[in-house]
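Labels for the chains are A, B, C and D, by order of writing; each one numbers its residues from 1.
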């Protein structure tokens, strides 16, 4: 079963964490692949919501944008964007907010705004979009990001979306009753925040990945749980369904 | 009551140098033809407003039409950067761009407040983020019942809103459906509005009693521009040209490539050239 | 996920003595059958919330179920007074009723704020009226951008919302259309919700992409009660019984007449007795 | 042409003041009859909005309530009630708000709340409903009310909807940019506020009505304009259309 890519492992690990009863606010890219894979495997009936207003959507191919026609065509209904952010996200209806980002720190705060100073950025990134409030208002947050020394950094130049802030009970002190990031799915491992300090801790390594590899792809000294497990390798069925989804998607987007 | 005008006349009448302009459409129904017309007419010093600047604003910014941008997500969805937007922010090319940056929730609420004629919107927003440190227009209000402190943002009240919709009837009522985004709010919040449509029909006919409709008396000008959302899409008419969004990355990455593309595909074209994209999705799929 | 329950079980599970209860439906889709079931089960000390108390609350108030009422218009539309409501306010019969009185705009905004999980709603309201003098829950907020002072009212967050809708599908999603009032807001603002429906269908089938739907996971209990809105109506099913609204004036004017009517028509009946009113309007018109 | 009732004259006078370009927020009763009469006579194309959310409605019979199915069946579209009050009324889209009331004072303030003390009312009236904000947010306000000494009173026990408050520039001082009540159509006459003091002034008497009759039906000393005209009597066409509308309505509501 070595015939899978790190990105596939990341997506499959994230998909497994979703339940049929979840109501997911889905970002584009790896989150969208993971949520739809879950829907097509063990979590039939899961509710997927995209910030474009589509509620309970069941796309046959992955959308390129969060507002592809496919999402609306297959949705239970589609509401306006103000309503989406007011009644559905702020209203507390989302169980899992699914985010990615350009950069993350040890407390799972995310940056998608700038690298360098805000006023004279070295790299201007797209910005927050829905993420700041997805991070605050979803029941809990899952993050998917490929590891690397530019992405997993000691200190963020800009906090776009709050994870656990400075750690500990920082969220609670700011009045947030939601859990914040509870899992980070990477291409090398799965992390969870420590129950006390909220610092990200490696809880399982993907098959064949070593601690040194993970540490090499992260700029802060990583914590590992006492006995990090090995992430179960993708099953043949998971891989087949994910690849089939990607193939359908590629064909559709090239059209 | 809405006037039926050519797109040239509608833009000339409604969009002036220095205006605050909101062109909306959340992935769906983005008014690309209207954006091209603004570029052709050489409008300058526009203060642009849009949740997701997208290709339409990449083009306006790259052609030097804008002095400012209020936005919440400036990328090419699923593809990567908006290179012209980045070049303006990182290198002030072709001119500096003043940005006022928000989250989607704040922008959506600000449009909603504008439509509701409120001076500000209240949201549970921005908690623990750095955005309030760089945007002085993110403020707070205190609940007079619970004492909670919430985020406040100024309502969006543009001089002109521009949207694309599926249909107008002969009275000038406008119907849209599918992903409706913040378009109704943008039109209701604005002093003037331009709507480009795929079709003008005698009557909307049988429909949901709760159909999404802008009455004629909320719209300034309607222009019949079939295909006018391309490479965005019109639900029930044609699909999103995802391949063009992917291709845009290479076009926009380089200033000269960009300018050449704009010259050939915008400056030398007319609104009627969008009609080629208007082939109904069903027909296109069958061919 | 919504549970399919008999109306008896749904009310027993969701409505408790002392609860804050919002039964909504703006003229259309008023959940009369559910109101009767609450009366039959003898609930007491309810804090009722409703924009237009209407006959349904005249009955609940007259039967002594309510300790309080938050409302904005307490009349029999087009007919006159709600005599049981008046008797409670003017004469404390059958028990005192604490009222919190608002305007429609404030109530609608307060439901909207509740659905949006905000603690309060902001509106340009109550200017120059005496209502703020008698309602301490009408307060103010100051715009942090313009300095304008606006009215503020506390969000409505009921323990339970009860509405009537046209259809549920087998997953427990609920579809309503026509005059949709504040029903979605009431359900989304509440901790629990009961929805009575005309029909349960396998699938909603072809519909507007922007159909008004409450997903199953926003609803606590669904009860199949055809005719359950009578004498209100269900768009596409049966018409408003305007003649009954007119007749109610004489029934409710006198305490004994009222009690006799309630005994015969509520206490001795069941939810199934509403089915007689469920004859589709088209059929009724043809007969 | 003496073959008409005072109520018919009131309704017809009010209808004549409406234009095809108006967007009217319509209350039940006389306002609804006047607006629909205007629509069926000289103001074809007038936009009628009822607070139930129905926009651009064209009822064949008068509704008994503001939410009769007829209103939705014939509307351009129907929106939610929060939206109606936020985007359409507060949004400043209404040119004419049409109100009635139980009591009115010389500055066209209205009471529909209580007679007697609020806490121990002699008569508990229905309350404000949409009126407080219709009065404040419509471009201008038309009022229709039958005269009488209980209705046209020296001092209101309760101000439900502000007309011109204490007169003069009171509205402007409270920050209202809208005109407030510009005409009051009664069963005996038409009144308009004085341009300076804003006190209601009789500008025309219905056919056959004397000044004494009008004053007898009003508890404050009424002002009359220098030359009050005579309201033109209903035309045969106006009467026929109004009576036809009422006949259709009566038959429909008895069903």
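In the analysis below, a contact is a pair of C-beta atoms (placed from the backbone, for glycine too) under 8 Å apart; a residue touches a chain by one contact, two chains touch by 3 or more.
Predicted, not measured: the structure shown is a model, and the values here were computed from it.
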item: Those chains which touch chain D and also touch chain B; value: C
item: A-C compared against C-D, more contacting pairs; value: C-D
item: Length of the line joining the C-alpha centres of chain B and chain C, rounded to whole Å; value: 39
item: Centre-to-centre distance between chain D and chain A (centres being mean Cα positions), rounded to whole Å; value: 57
item: Averaged-CA centre spacing for the pair chain D and chain C, given as whole angstrom; value: 28
item: Residues of chain C touching at least two other chains; value: 112, 117-118, 123-124, 148, 178, 180, 184-185, 209-212, 235
item: Interface hub residues of chain D, defined as touching at least two other chains; value: 72, 78, 86, 90
item: Touching pairs among all chains present in the structure; value: A-B, A-C, B-C, B-D, C-D
item: Footprint of chain B on chain C - complex, ascending; value: 117-120, 122-124, 137, 139-146, 148, 150, 152, 154, 177-178, 180, 207-212, 235
item: Residue ranges of chain D touching chain B (in the complex, touch as defined); value: 21, 23, 47, 55-56, 72-73, 75-79, 86-87, 90-93
item: Residue numbers on chain D that touch chain C, as the complex places them; value: 28-29, 51-54, 63-69, 71-72, 78, 80-82, 84-86, 89-90, 109, 113, 118-119, 121-133, 136-137, 158-162, 165, 170-171, 174-176, 252-255
item: Residue ranges of chain B in contact with chain D within the complex; value: 1, 112, 115-118, 173, 184-185, 188, 209-213, 215, 217-218
item: Chain B - residues contacting chain A, complex; value: 26-28, 51-52, 71-75, 77-79, 81-82, 85-86, 89-90, 101-105, 108-109, 111-112, 123-131, 134, 148, 178-182, 184-185, 233, 235, 239-240, 242-243, 245-246, 281
